[in-house]
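Comments concern the structure below.
We call the chains A, B and C, going by the order they appear; numbering starts again at 1 in every chain.
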Amino acid sequence: MLRFAARRVLLLVPILIGLSILVFLFVRALPGGPETALLGENATPERVAQVRELYGLDRPVYEQYVSYVQSVLSLDFGTSITTRQPVVEEIARRFPGTVELTVTAMIIAVAVGIPLGFVAARRYGSWVDNLSTAGSLLGIAIPVFALGYLLKYFFAIKLGWFPTQGREGSLMFRNEHPTGFYVLDGIVTGNPEAAVDALRHLILPALALATIPLAFITRITRASVLEVTGEDYVRTAEAKGMTRSVITRRHILRNAMLPIVTVVGLQTGLLLSGAVLTETVFAFDGIGRFLAQAVFARDFPVIQAGILFLAVIFVLVNLLVDLSYGLLDPRVRTR
Amino acid sequence: MSLSGAEAQETVLTQSEEARGGLVRDAFRRLRRSPQAIVGATLVLLFVLVAVFAPLLAPYSPTAQDLSQVRPGQFPGPSAEHLLGLDQLGRDELSRIIYGARYSLIIGVVSVTIGATVGMALGLLAGAFGGWVDGLVMRAADIMLAVPSLLLAIGIAALLGRSITSVMIAIGVVNIPVFARLLRGAMLSQRESDYALASRSLGVTKGRVVLKHVFPNSLAPVIVQATLALATAITEAAGLAFLGLGSPDPSIPEWGRMLAETNAYLASEPLLALWPGLAIVISVLGFYLLGEALREALDPKLRR
Amino acid sequence: MTAPGTTVADAVPGAGAGTPLLEVRDLRVTFSSRGRRPVKAVDGVSLDVAAGSTVGIVGESGSGKSVTSLAALGLLGKRGVSISGSVRFDGEDLLGMPEAELRALRGREIAMVFQDPMSSLNPVLSVGRQITEILERHRGLKGQDARDRAAELLVSVGIGDAVRRLKSYPHQLSGGMRQRVMIAMALACEPRLLIADEPTTALDVTISAQILELLRELVVGSQTALVLITHDLGVVAGLCDQVHVMYSGRIVESAPRRPLFADPQHPYTTGLLASVPRLDQARGVPLLPIPGSPSDTLPWAEGCAFAPRCSRQVPECLGAPPALLPARGAAGGPHLVRCVNPVQDGS
């Protein structure tokens, strides 16, 4: 297992190098070059010359790349053109919100999707099965932002059950945020009201964000359980007289989990980009909305850093999936 | 499909063509019997017809304003004259939805065409030459696939500036590694197939085998992927437009932007958010259903 | 020859003395799926298996031999399957038995070994876990006790370095080893009946000989009765006291081993024998395959199902199904055959 894990981690190196080159070239492909990226499009020629000097933009490209990698490794992503703050601080401040949202969405998707897919497979052809198949089709087809509006209209505007936007209520300005995860902050600071308030702000965007992974998890669980149920080793377990619950847990689910884990991991990574849209709909102050605003304002230091940051997280999540695959499947681990 | 004695005697070279012809025939037979395929094809057809005949179908021009009826925060809803009501600028919502289909279809088709042709060309190179060409193409694909697709599209579109062309290029580029990988994989498995080995052993040149047999037989998954990619392209284009990355011209009716614009009026005019949302769902669902049905119909493992 | 294993069908006598361990009477299994014609996979099978005996069931694929055993153990599932007749194990009705009781019986009293040991073993559980779980379930053995017993079982099926092997996963073992593990699992609770369904079909010839030898050592002569299901008469020849030949869901010939090989009377049995290569045959004698395929059958209601492929077909073959009757000159035990024009003198 250790060797397997080490190999997987090593395989990351070329991907990360590739990513850094991609993002490095990204701003250089801009009309006007990296100077525009750093200063915005309306900079004076003097400022441009200053910046060229400062960042060594007159040096050869490979030297520029090396210094780019050095600054990335020292967490220097430059300064946001719109907020005039270091990009790394802006991202760090908003990251917990996005994590909170993504994790809540994934919890919803997994907690509903796996049981639903399982029941649909065990009652193949029943109304539960047909309903879950139709539902997951719809979940895949509906764009997150359209669903976001729908939820916002019904549950926030019409019924008033949840707030329409933001991460916390306007009366909560005195809340302390030691961790940045607002629900957690409410709990640690002994302020249950704040925790509930933060949770209420999370529900609707998390639901909107959860639909696509929910749909895919339901589908793959159903397909995987159906396939595994027909395997010879399940018949062997039946012939051994194992109880139904042992057969379900130890023989069916353990094998069916392999593709499910892959989809959960892949979808977790994709949620991060889905958050760009959901956070915008609900004015939820996370990385996604920050990135969307940066895109609108053509704030390239933020766009560049945001893409690199989210892509690296995506790659790391995929690494976790690979590693858990090794834990679940001895054929992968010991090959 | 069992081979009779006479069929078995036919040369190996025609086998690949036979398999293909049979596969296509089989696929059509199974598509006709699949309710999923019929619903999907109907929705797709509806979508394409609406897009093509938009000028005939739309009761008004998508840009004509009827400001006499619109007051701030209060727009007339559905009526006999305006079936889906008027939008915030007094334009006929139905006509805008109908014209929006045009933009969705054009963006979808052009971006998938870009992704599929460039991707297939690269996949063909990688699959046919192997070696360092293969290594280079596939590593580049790995790196691009390491970025979530919407994020990559956002980045590219932001880079190119606000326009429909940049949306098409962004979504097209995102699709390149998918098609490259797919075609290469299919070609590798076809290259090891019995008829390809047999043709090679009969002295047919490698290039000819690849072009005449390996490549055509690898196309089935590409067709499936292209259909599914159309569904994704429509969603992503709407997402980019929603973020303000589409055309800067407000008169152009893009579904994604129409949705974004209703944010301010959501409380009073929820229907204006519903129509473009519904239009996106219907068109995406059509391509998705058709793609899944094609996948099942073209899967040789399911042939019986 | 003392084998009391006997077929009772079509009001034919021949049951041995005492209650048999397994008693199958007029078992019928029909598969039906929407839009297709129902398939009668087993069409009235009756047979007895005496305690400690060894019985072979032989037939081509599709003859219903595997379905018979799966139906008896309730392993066929419920959707689109209808089962009638009776299956009694030690006097108790298995078909009507409550699910929980049947589960308690399977693996403890009746065990099975399947055809493909690769797909029949769970790929994500260690071999040890797959053996200890059955000991846990039926014997209440846990932890180290269960592991010790599992290691003993592996040794008993001829797997060396057993303690280390317990930690192996199925994909790390050879085909023969996997089948040994399956046998160890099946024998873990010393069942009274072991059903081996084509246990050697997926294995190489030399390995399959070893597995058969292992079955002989462990089962033949022990308290465990063995039902060996196979398409290969050669497998049966070395192992079984009593042989039932099945065709299209019915038993067509049933005899103790010796008379079956010395004096086969059903044309299908002779056909099977003629298609097996034999060392004692002169060179140049061609192997004679049975013409046609198992799909060229007649429904039993319209006559003998084998008639369309039979070289000895006479007009009486059609019309009414032939009964399973005592064979001509049935010496050396009960010999039954379902044929109106049986083969003379083994020709």
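Convention: a residue touches a chain if its C-beta (ideal position, glycine included) is under 8 Å from a C-beta of that chain, and two chains touch if they have at least 3 such contacts.
These numbers come from a predicted model, not from an experiment.
No other pair of chains has as many C-beta pairs in contact as A-B. Most remote from subunit A, judged by the distance between CA-atom centroids, is C. The distance from the centre of subunit A to the centre of subunit C, with each centre set as the mean of the Cα atoms, comes to 55 Å. Per-chain Cα centroids separate subunit B from subunit C by 54 Å. With centres taken as mean Cα positions, subunit B sits 24 Å from subunit A. Contact residues on subunit A toward subunit B in their complex (touch as defined above): 14-15, 18-19, 21-22, 26, 29-31, 137-138, 140-147, 149-150, 152-153, 157, 269-270, 272-274, 276-277, 280-281, 291-292, 295-296, 298, 300, 303, 307, 310-311, 314-315, 318. By the touch criterion stated above, subunit C contacts subunit A in their complex at residues 73, 75, 103-108, 111-112, 114, 116, 119-126, 133-134, 137-138, 169, 171-172, 182, 185.
Interface residues of subunit A facing subunit C in the complex, by the touch rule stated above, are 231-233, 235-244, 246, 250-251, 254-255, 328-331, 334. On the side of subunit B, the complex with subunit A involves touching residues 139-140, 142-144, 146-152, 154-155, 157-159, 161, 231, 235, 238-239, 242-245, 256, 259-260, 262-263, 266-267, 270, 273-274, 276-277, 280-281, 284-285, 288-289.
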